[in-house]
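Some structures are shown below for you to check.
You will see subunit A twice below: alongside subunit B first, and alongside subunit C after that.
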Partner chain A sequence: MSDGRTALLRRLRIGTLVRILLVVVLAALPLYLDNSLLQTGLFSMAAVVGAIGLTILTGAAGQLSLAHAFFLAVGAYSYSYFAGLPDPSKASKAHGLGLPPVLAMVLAVAMAGVVGLLFSPIAGRLRGIYLGVASLSLVFIGSFVYENARGLTGGFNGRAATDFSLFGFQFAADHPPLSILNVPYGRFERLWYLFLFLAVLAYVFGTNVLRGRMGRAMQTMRDSEVAAATMGVDIRRTKAGVFALSSMYAGLAGVMVALAFTRVTPDYFILPLSISYLAMVVIGGLGSVGGATLGAVFVTALPTLLSRYSDSLPFVAAPASGGYDAGKISAALFGLAIVLFVLFEPGGLSALGKRLTGRVRRHTPGGVRGHKPDDRAVEPQRTLPRSGNTTRTQEDPV
Partner chain B sequence: MSAQPVADLTPAPEVPTLVVDGVSVTFAGIKALSDVSFTVAPGSIHALIGPNGAGKSTCFNVLSGIYRATSGAVRFGEHNLIGLRPHRIARLGVARAFQNIALSKGQTVAENLMLGRHALTHSGFVSSGLRLPSAVREGRLHGARIQEIAEFVGLGKKLRSPAGLLSYGDQKRVEVGRALACEPRLLLLDEPVAGMNAEESSHMASLIAEVRQELGISILLVEHDMGLVMGISDRVTVLDFGRLIAEGTPAQVQDDPNVVRAYLGTGEDEDGDPSQAGRPAAKERER
Partner chain C sequence: MTQFFELVLNGLSLGSIYALIALGFVIVFKATEVVNFAQGSLLVLGGYITTQAHDHMPFVLALLVGVSATAFTALVIERVFIHNARGGDVNALAILTIGIDILLITELTRRFGSNVLTIGDPWGNKLVHFAGVSLPQSRLAAIMVAFVLLAAFFLAFKFSNWGVAMRAGAEDGEAAALMGIRRGRVTATAWMVAGALAAVAVVFLTAFPSPGLDTGAREIALRAFPAAILGGLDSTAGAVVGGLAIGLAESMTAGYSVTFLGGSLADVIPYLVMLVILLVRPSGIFGTRELSRV
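Moving on, here comes the complex of A and B:
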């Protein structure tokens, strides 16, 4: 046991080290990447945040949602509204409160959560595919609202998203001017660090939630609703809570998309966006925060990388040439990836990664063939003190 | 978020009486339970037996709030359980181990057992997402109790194994352990030894007896293994076709002619074959 535990600790430490190293590498990337790759990275990190939210809802809690695009829109439009300045001279006629961008970001995330909670009479009562169909309606209601609530959304043409700034430090302009190692740090480089911070925060928070009390509750709810309820889990409340949490993740992703685009337009938040988020979490492995991260980067970055290197890749036609361009090829690749993963590795990229690092095999001894003969011969400790103060002295096994 | 974790660890000292009073359950015109009444005395082991389809599981589902009784009352202390949603009943101290294992197979044994602490803990999304000190402390406190419970049910060495990888017998122990982790005042055990071999059954039987002895809680048991039932129960209630047909000590029930007829048939029916455990014969009798 103690051997197993130290091995576990060592593995955890290695895992943590690898993650820290990865973040350091990511933090150094703006020194080397050009703007188009940086922008791809920004969209990837926004997708990471959204996908983590969806994998908590769909993967861990087993609640299918096709409304992710809608909640991204709620976040994006709310941010633009809270941070934007009223500009009646423009054709869009969109209002704005002119709040500080940080506050606007927090409010936008909260707004997505509130809208998610408003949906809780439905989200708390339906399960699985039924919720998926019900949530689909939000995408279409949303499309109608984006184009008609012009004061908020700017209508068909959308509205500008105010650039981010923090205590006078502009993330968009070159003010104050900044360059590191002779690399001028402009808009994309600055946003990169903001997005990296938000993505890491989303990752850590999501991992902790899944390991914690509510994470256990939602995973048991997914596996057996009756068992979870019988153990004291309030099913409706938990479903509503997970849905709201997932909406807030989507809302933050929406804010990030708005910042990366500098503009919020209704044609982005449509059903295919919801579907591509589902593709991310399925490819990554349902219920795995790390998997959602990988899946999000894969799905977001592949089309742009393919088109960027289309010259040197066989079979990839130039964009809009009518042939199999990067967009079509990557759509086909996502489809293929989903089919292959569902058939051969339902755990997705995360299970593939675990298998490659041998984690699964190390996990099982004592589990699969736990029935050693002496295991039976030894009587278990046959006393159980009534729960009380005796329990406080022992170490944490969980 | 976490009020007084220490106080939460102390179970309610008194174990109330469970009174099932005239409970009927009807599904689309079919009476699954009709006017069933029995009483589980505090700290006793009470068995609920009967042939397949007698209504035992329906009765359990009423007690844990999954089915709603058409009429009748279930009183647990001063509370009426009818109409309460399952998690409310769990929070009154009624825990259940399922017959067909309902564990979260991908989670570890420890995580499955910790789920039993759900009603005793408080961390929400924010406190566990940010790993606030309250959530960390709560995890440590309750984790220590989980360790005790795991050792008690004989799973001390398997806390970190995924539940789905355990043997069938061990998964049944996790079921019992998870119910115990709720610190119940009434433990509902749905066929705890179904599918076990003789050795596993005898271990489970002594475990059940020790739960009562150590914790002093009431145990209501559904089981087909008559040796186990007669060996450890204080009282036995027998159901057949949703009706209560006998009640008493194991010895009284064993000699009751109604019980013998329910299980073995009367032998009076034209195609009644006593060796067929009585179901076709019993059905004929009911016509």
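Moving on, here comes the complex of A and C:
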């Protein structure tokens, strides 16, 4: 028993060390990468935040949602509304409150959470797949609103997003000028650290939520609503709460996207965006925060990397040549990855990783007892209750 | 008043097309508990094959080729993917069909390029006039074809061996299997019927007055989702009622130019109607309410 515990401790420590090392490496990357790679990195980190939110909702709580693009949009538009200048330019007639960007960011995240809660009369009552399809409607209704509520959103052409600044330190301009090891730190390098901070925050918060009381409650709810309710979990409140939490994650991701783009346009927040977030969490492994992180980086970075190196990759066709260009290859790859993972490894990359490290550990001396499953390493089997413990009656619940 | 009748007829026609697609969703869901997100790209596939076949043969034959090819593709999807993942989580299966949808639509997008194809239906842009009302022939044909197909389906569902097997399988799969019903065959035919219905629906979706067939037709198919949901995902009658309701609502808001924030509400009315219905009845109008007591 004590052997198992020390092995667990050791593994935890190694895991934490690896993660800290990864963050240090990521923090050093702006010294080496060029702007286009840095921008890809920024979008990846925004996607990481959004994907963690979705994996909590769809993976841990078992609520399929296709509305993620909508909540990203709520965050992005709220941020540019709160931080935007009160005196709009001629091009876009959008209003703005001119609040400090930090405050605007917090308010935008809160706003996404409130909108998520407003959806709770529906989200809290619908069962299983009905929620997935109902959430689809938010994306389409959202598109309608972004294009028509010009005062808030700037209409079809979108609106500019105010650059981020913190206590006078500009993240988008070269003011004050800054260079580290003779590398000038411009817009992308500065935003990189802001995004890295937010992504790490989202990661730590996400793992702690899943480990804590709320995480246990929603995993029980996913596995059996009846059992969860018997244990005293308020199903409606948990559903509404997790929906709001995931919306706030999406809202923060939306703010980050707005900052990286410097513009918020309606043609970004459409159904394919929701689907690519779903692809991220399925590829990473539903319910795994680390998996969502990997999946987000994979899905976001693959198209840009493919098109960047398309000249040296023989199988990538030129864009609009009628062949499989970078965009189509990556789309097909995501589709294929979803299909293969659902069929052969429903735990996604995270389960794959666990299997590999488990195999490695079995070969290291002294690690034999270490691979004994502990409650943290083992994910509960994800099967929804069938008609077995739900009774089909026409009566009302007591 | 004339405008009102025209709008009702247009709405019924659009609604019957939605009903065909929604019925596809419902049959597949009843048989395999899968919400088929690939229905949209199956529909585009059906249209594409029909247009390609139409280059070599008359329209009716081309449609037959399109319908059977789409039914066959649906069968392949069921046998290769869904059958191997059966018994899995409903959400996982839905996500699986999203993956299949991405694969299909990527290939179709590549083949379409930026072309808009015409499906070559025999009705063209001819109009029918009666009692002061004028309506495109294709719309009238949509109503009639949908009526015939729906009637045939409901008769088969009620009286044929296939229908009985289908209903038994949906009611209690294990018991049905023990009674000697071959579930594999039932689910396979359910997918084929859904594919065939989509391939028929695409003809009317892309015929005059629509501009033609491109991959955007997939989004129109998604508008049949609200139809299936608001009727109740496991109710065949609900799919028809839902389809007609959505079609009428869309036609009315478009015809009377109901606007909100300066945009035409017709674009989002299916989703708004669905949300309102779901607020009142979380399992749709005719859906089985799954209740559990604690």
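Some points to look at:
We take it that the second predicted complex is superposed on the first by the 352 of 398 C-alpha atoms of A that agree within 3 Å, B and C clash if a C-alpha of one lies under 4 Å from a C-alpha of the other, contacts with A are read in each partner's own complex, and residues count from 1 in each chain.
Operating definition for what follows: contacts are C-beta pairs under 8 Å (C-beta built on N, C-alpha and C of every residue); 3 or more make two chains touch, one makes a residue touch a chain.
As the structure is a prediction and not an experimental result, all values here were calculated from the model.
In the overlay built on the shared chain, the residue A:230 is in contact with subunit B and with subunit C.
By the touch criterion defined above, A:206 lies against subunit B but remains apart from subunit C after alignment on the C-alpha atoms of chain A.
In the superposition on chain A, no contact is made by A:184 with either subunit B or subunit C.
In the superposition on chain A, A:98 makes contact with neither subunit B nor subunit C. When the two complexes are overlaid on their common chain A, residue A:215 makes contact with subunit B while staying clear of subunit C. In the superposed model, A:15 makes contact with neither subunit B nor subunit C. Contacts of A:245 after superposition on the shared chain: subunit B is touched, whereas subunit C is not. When both complexes are aligned on chain A by C-alpha atoms, subunit A residues 226, 229-230, 382-384, 387, 389, 391-398 touch subunit B in the first and subunit C in the second. Within the complex formed with subunit A, the subunit B residues making contact are 6, 9-11, 64-66, 85-87, 89-91, 95-96, 98, 102-107, 110-112, 114-119, 121-125, 127-131, 135, 138-162, 165-167, 170, 178, 180, 182-183, 199, 203, 206, 210-211, 214-216. Across the interface of their complex, subunit C is touched by residues 58, 62, 64, 121-122, 125-130, 132-134, 136-137, 140-141, 144-145, 147-150, 225-226, 229-230, 271, 275, 278-279, 282, 286, 320, 322-324, 328, 331-332, 334-339, 342-343, 346, 382-384, 387, 389-398 of subunit A.
Taken together, the subunit A residues at the contact with subunit B in this complex read 1, 4, 8, 205-206, 208-209, 211-217, 219-220, 222-224, 226-235, 241, 245, 363-364, 366-368, 370-371, 375-376, 380-389, 391-398. Touching subunit A in their complex are the following residues of subunit C: 35, 81, 84-85, 88-96, 98-103, 106-107, 109-110, 113, 172, 219, 222, 225-226, 228-229, 233, 260-263, 265, 267-268, 271-272, 274-275, 278-279, 282-284, 288-294.
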